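By letter and in written order, the chains are A, B, C and D; residue numbering begins at 1 in each of them.
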Amino acid sequence: MKKLASRILAAILIATLSLSLIACGGNGEQTGDGVLDCAVTSGLTSLTPFVSNGGRDAFYWKMTYESLGYMNYNKELTPWVAKEWSVSDDNLTYTVTIHDNVYDSAGNHITASDICWFIGEAVNQALKPVFNKLESWEQVDEYTFSMTLKSNMIGVFEYLMEDIFVVSEAAYKASPDGFATECVSTNQYKITEFVASSDWKYELREDYWGNPEDLCEEIRGIVPAVKFHVIAEASQVTAAFATDLVDYMDGATINIVSEMLNNPDDYTVLQYEGHQGYQLFFSGYETSPVADDVKLRQAICYAIDNQALIDGYCQGLGSMLYDVCPSFYKGYQTSWESEEYYTFNQEKAKELVAESNYDGTTSMKILVGQWGSRVAEIIVNELAAVGIKAEVFSPEAALLMAIRLDGSNYDMFINTIGGTYLPDHWSIRYDPNAYATGDGTSRHDYVLGELLYKTWTVEGFTTENINEVHNYLKDNAIAYGLFNQNNFCVYSNKLTLEKEVDGFTHKCYPFASTWSGI
Amino acid sequence: MGRYILKRILWMIPIILGVTVLVFTMMTICPGDPATIILGSLATEESLAAKRVELGLDQPYLTRLVKYLSDVYLHFNLGSSWISKISIVSELKVRLPRTLVLSLFTTALSFGLGIPFGISAAKNQGKWQDSLCMVIAMIGSSMPNFWLAMMLVLLFAVKLKWLPALGIGAGLAGLKYYILPAFSNFATGMASAARQTRSSMLDVIRSDYITTARAKGVPEKSVINKHALKNALIPIVTLMGTAFGNMLGGALIIETIFSIPGMGTYVIGAVGNRDYPVVQAGTIFLAIVFSIFMLLVDIVYAMIDPRIKALYTAGSKKKVKKEAKA
Amino acid sequence: MSENMNSPYLSVKDLFVEYYSNDQTVKAVNGISFEMEKGSVLGLVGETGAGKTTVAKSILRILPDFGCQIKSGEIYLDGQDLLSLKEEEMRQIRGNKIAMIFQDPMTALNPVMTVGDQIFEVVKLHNDMTDEQCKARAEEMLETVGIPKERYEEYPHQFSGGMKQRVVIAMALACDPDLLLADEPTTALDVTIQAQVLDLIRDLQKKFNSSMILITHDMGVVATTCDNVAITYAGRIIEYGNKEQIFHHPTHPYTIGLFGAIPSMNGDDEWLHPIEGLPPDPTNLPVGCSFSPRCPYVTDVCRQEGDVPKRITADGHICFCYNMDKVGKEEQ
Amino acid sequence: MSDITVNAAGARPKKKSEFVRIMKELSRNKLAVIGVVLIILEALIAIFAPLIAPYDPLEMNLAETFMKPCAKHLFGTDDVGRDLLSRIIYGARYSLSTGVLAMIFGVVCGLLVGSIAGYAGGQVDNIIMRILDVIQALPGMLLLIVLASMLGGGFLNTVIAMGVGAIAGNARLIRAQIMKEKSAEYIEACDSINCSKFRIVMKHLLPNTISPIIVSASMSIGNYVVLGSSMSFIGLGVQPPTPEWGALLSDARSYIASYPHLVMFPGMAIAITVLAFNLLGDGLRDAMDPKLKH
């Protein structure tokens, strides 16, 4: 009888042993193979150049396609495939000339007609809202085209220049699946392996049309091969690092790097201020208690302990906000930082609650994506302390998408909104004409609307006007900037930077640094 | 036998059709708008409406259902993903094998370990070894598989560095990438295999023909391995079908943790993205795989039990009730 | 084979067997002793639960491992102490020197092996023969029990009950056993088949010159088959004698009761006389004579503690009863 | 064999009800008793959570985050300083009720569907069985995910999704039992004295078909607890800050290496509960199956 038990044990042992034997011979990707392995938590599902806004700023796009221009460190538009451009007096029509020697990896010569075709296709597919702002476009000569905007809203041109990818029409049309699994681009890098949503690899090609030396550091590829690994389950990123599957990750959150922060011997963790910040938006839908109750909204803002959020949610690694948007935005005024911005004050909050029409029993719904439900949990607790009842409503992504613009489904909405210019954020959130339901939370505040329209033209984008919007948003507590979470860039100490790049963090894309030991 | 198999394969057609209709309907009921998900929440009403027309979502339910059924079953066209535009067939071709390997590996592991555990428990019925075997088997199945997965990664990949933590590899060496995922997911199957083995072994060991075998002077080892096991295997084989289904389901979650680009990450992601064509096609294929496995189980069943084989061969109308688990 | 006339061919001495179930102890066999000569047929008769099958299984040592124990006793076959043999030695004997025919042919055959293989297996185990020879022997055995050898490859479910029992018999006799244990071999069969099968067993037993213990509760079977008869009750032998002694001069009240319980073909005026009461609870046997609660002749002495003394008549008729002298007298 | 099955009960004149017999049998099985004791203990913990829990499970203390187990916080605190022990104690309410409610939902619906199919027979039976065939052709987890997405997460919806997923299996089991019992003689006897069909089903068929259901149901509770936690893991489970154990686990997954206690304690709570239900289920099965008795 015992024999059998012991035989089972033996079998298990043998199995384990043989498994470990199979396992020998190296796990993961070894460092030293000349490939920089990067972790991302969500990646390319397809290689098509026609993509939606989600993940727009992911740096792998700069390795996949080339655009007409790009934003450099200082948030200035810098030419890339475009050689030069000019603008008409009304700031509506732009004339762009591209380089005449642009060839993609399949040898197709890129002309202005390819660019116009791309614009047409992008407008057609309506994937990126910025293309909706185009009135017309036309080819002027072989390397020149012009495009006219519907309005001269600030930042639209810069966006367009970054979002128009350079793709050969002929190559695209020759592809059976619209570049879904294989693409041809003009980039220095060529994708040599692609498994959708899993991993993909870039290799520098020798026949790049331009001179890499002419490119700015941000986009100049130096690392010979870069491989991206999608690790959808963020808690496994640490394991991926520990097993040498990946050596580098940028844009990581504190959850991902918290263990590596404690292990400076093995990992270098760099942090930088986040680009988006966390905001609290109040529902503008009439039935919501907060919709027409400034006092209640202000009470909520006072009740929130921002420092506690930074400590509780970001483990202390974050910064306060003085506007709905963080300082990353173009148009941000440093003078705001000396202003009073709903500093945590429970007494004041209680007073305001008492003055408000809040009945003290209605439980308010805080809508938040599952990634940020902790923030909502903390806020629920803080609101409870001043006598405001609230509950977390954290549905799966698809449902969230379906209801986020409809303020009847929630009273508050926590989100992070990204952009380059403050009007990017404003137009998405507070323009009462933006959506069928009103603004981003079903509000119809035309006073605010007018202020926005005045501010976001190229001429109207003045400090004075900006301050007006800022003050309106602040005084009426339309939305509230909660905190800004730091982002992290982490790499294994088995890698070393040969050339320290100035202000390395995030401004430097992985491919553009010189790594040794990869 | 051949006729029986053919009949079963033909019978799969209405079942798979039913599955298609079921999933299609459920996805239609699902809240969330695919157009919004594709275009992002910033899209204008017009472009959303245009997208819905492009996707055919403006059509009434029945029209869409009929169109989908005719696309799939008359034109054998599964379409492409709404999100990535990648042809679904080409994705299934690479993803299905990965999930299959994982599920089969897991099933093999759970029965490979569960059966000896069950035998050993049955042979020592009532003694401490019995309780020990069953408790060990059950403890495994008491842990959520995702939790076990993370623990195993921590131990075997991060601490001991024996096995890769994530991803997939190519060729035969790539199999090692499936070891931890399989071990994370095998416990439930192993517990039920052990449980089933124990009870059917107990049943069988008490049967008269086992006494007959002993009375013939058959050595104890052969009594167990040759006489008892083969009979006890009959209900175990039946269980294997259900277990494989569970492994297939478990693989869906496990794949996410181990970043395996298989059916799980594909279909679960598609459910989240309301990528109807992918969910539907993925489900249909998982159901086909499952049904084929069930058919194989039935064939193995017939190979072990001549009585069942006789029934099949006779083309008996009533299938033997295999659901009747002990 | 030793032909030592002094010692009997099989002797069972003071066999005690207990089963354990849920903290209860079932005393299945309580000191059974008997002897038998080579080539003879012993009928072991008794009600269900009297311990007959347990005796047979004890001889073969195939009692279940769990919850069952031979407490004490000795079993000698041809001078060899079976209970002290090593398991491997005992295994060599099973199916070879001692074979058993089971009660229910429906369940006694392995449903997933062909009948031929099941016979082949026992031949192969105990004989140093090639596979072909073994197969030939198995086929021969099938023919011997009246089954065409073409059915070698068939499975048990393709056979009728009577045919299955023939297969069981073929299996039991395949290695030419010295001792055959037949455990109610006909009980589970149709009445019409019973006689055929019984004839077959008897013929083959004679042909192979095996000894046989025939376990049954059917006195009719005993009458046609056995040389000696042992009547068992509550795990004990209460009467032992040759066929004539038992049938013509039953001395134990239980034996007499047994005959009373058999419908008589010629006595049309008499009612059947069932034995009053139920068999005793084996977990809680009565003190003294186990049969005392049901015995019409019971006296105080029967209920006193201790074993009932064994009484042997000059011609070897054994009976365990305090009142055997009184028994049956008033009935005549 | 006849000698072995000699059973004390058979010889005794008093006739005990089947239920009492099973309970007696169960009480002899040490593992099952352990299971029952654990379940009762957990149920008590769940019921008296407010009395037992040292802290409010939702009370955050951002000054005391990530505390390792200590005298003040026996199981330590989580990333926002909530007492893990209190959360686990309160979590018992959600996790146990997820399992039990899903089981009840599945069994009741399964009973309904299965008995209709089994008793009605003919075309009705045929149609119901074909529908069940379709449902069962899907791997259970997949069905669950789609159902949960359809219903939209949350405690009750998770319960319903799991219950619905279980209907097919239960219904099939019940139907098989009813088919078996239907042909039994006592049902024919009932039919002959003109009992109403409903009465036959309620009074005679169900009680006799219920025992395999009880076994499978008691085992399934454990499965539901695990499934519920898996649902939380993929984001289709309860809403935060509900301290459901699966949610605790999936919340803590990022800290698995630095603060293993956050993952260990909820994991253990789940494992112990599931083990308890499995032990009970196993014991029940052994007790109900006379073949497995020694």
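Basically, a contact is a pair of C-beta atoms (placed from the backbone, for glycine too) under 8 Å apart; a residue touches a chain by one contact, two chains touch by 3 or more.
Everything quoted here is computed from the prediction, not taken from an experiment.
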Practice problem: Could you let me know which interface, A-B or B-C, is made of more C-beta pairs in contact? | Solution: A-B
Exercise. Using mean Cα positions, find the chain sitting nearest the overall protein centre.
Key: B
Self-check item: Whole-Å separation of chain centres (CA-atom averages), subunit B against subunit C
Solution: 52
Quiz item: Whole-Å distance, subunit C centre to subunit D centre, using C-alpha means?
Solution: 50
Quiz item: In whole angstrom, how far does the Cα centroid of subunit A sit from the Cα centroid of subunit B?
Solution: 38
Quiz item: When the centre of a chain is set as the mean of its C-alpha atoms, what distance in Å lies between subunit B and subunit D?
Solution: 22
Exercise. Among the residues of subunit B, pick out those that touch two or more other chains and give their numbers.
Key: 30-32, 125-127, 150, 154, 158, 206, 208, 211, 256, 272
Quiz item: Got the subunit D residues that touch at least 2 other chains?
Solution: 1, 149, 152, 253, 256-257, 294
Exercise. Two or more other chains in contact with one residue: find those residues in subunit A.
Key: 233, 235, 238, 396, 398-399
Practice problem: Show which residues of subunit A lie in contact with subunit B when the two form their complex. | Solution: 1-2, 4-5, 7-8, 11-12, 19-20, 22-23, 25, 27-28, 45-46, 48, 52-54, 126-127, 129, 132, 177-178, 180-181, 195-199, 229-233, 235-236, 238-240, 242-243, 245, 396-399, 401-402, 404-405, 428, 435-436
Quiz item: Can you name the residues of subunit D that touch subunit A in the complex?
Solution: 58-60, 62, 65, 79-81, 149, 152-153, 235-236, 239-241, 251, 253-258
Practice problem: Could you please specify the touching residues of subunit B with respect to subunit C in the complex? | Solution: 125-127, 206-209, 211-220, 227, 230-231, 234, 304-307, 310
Exercise. Name, in rising order, each residue of subunit B that touches subunit A in their complex.
Key: 30-33, 36-45, 47, 50-51, 80-81, 83-87, 90-91, 94, 113, 116-117, 119-120, 123-124, 127, 129, 132-133, 150, 153-154, 157-158, 161-168, 173, 175-176, 179, 256-259, 261, 265-266, 269, 272-274
Exercise. Using the touch definition up top, name the residues of subunit C that touch subunit B in the complex.
Key: 57, 60, 62, 64, 66-67, 87, 91-96, 99-100, 102-104, 107-113, 121-122, 125-126, 155, 157-158, 168, 171
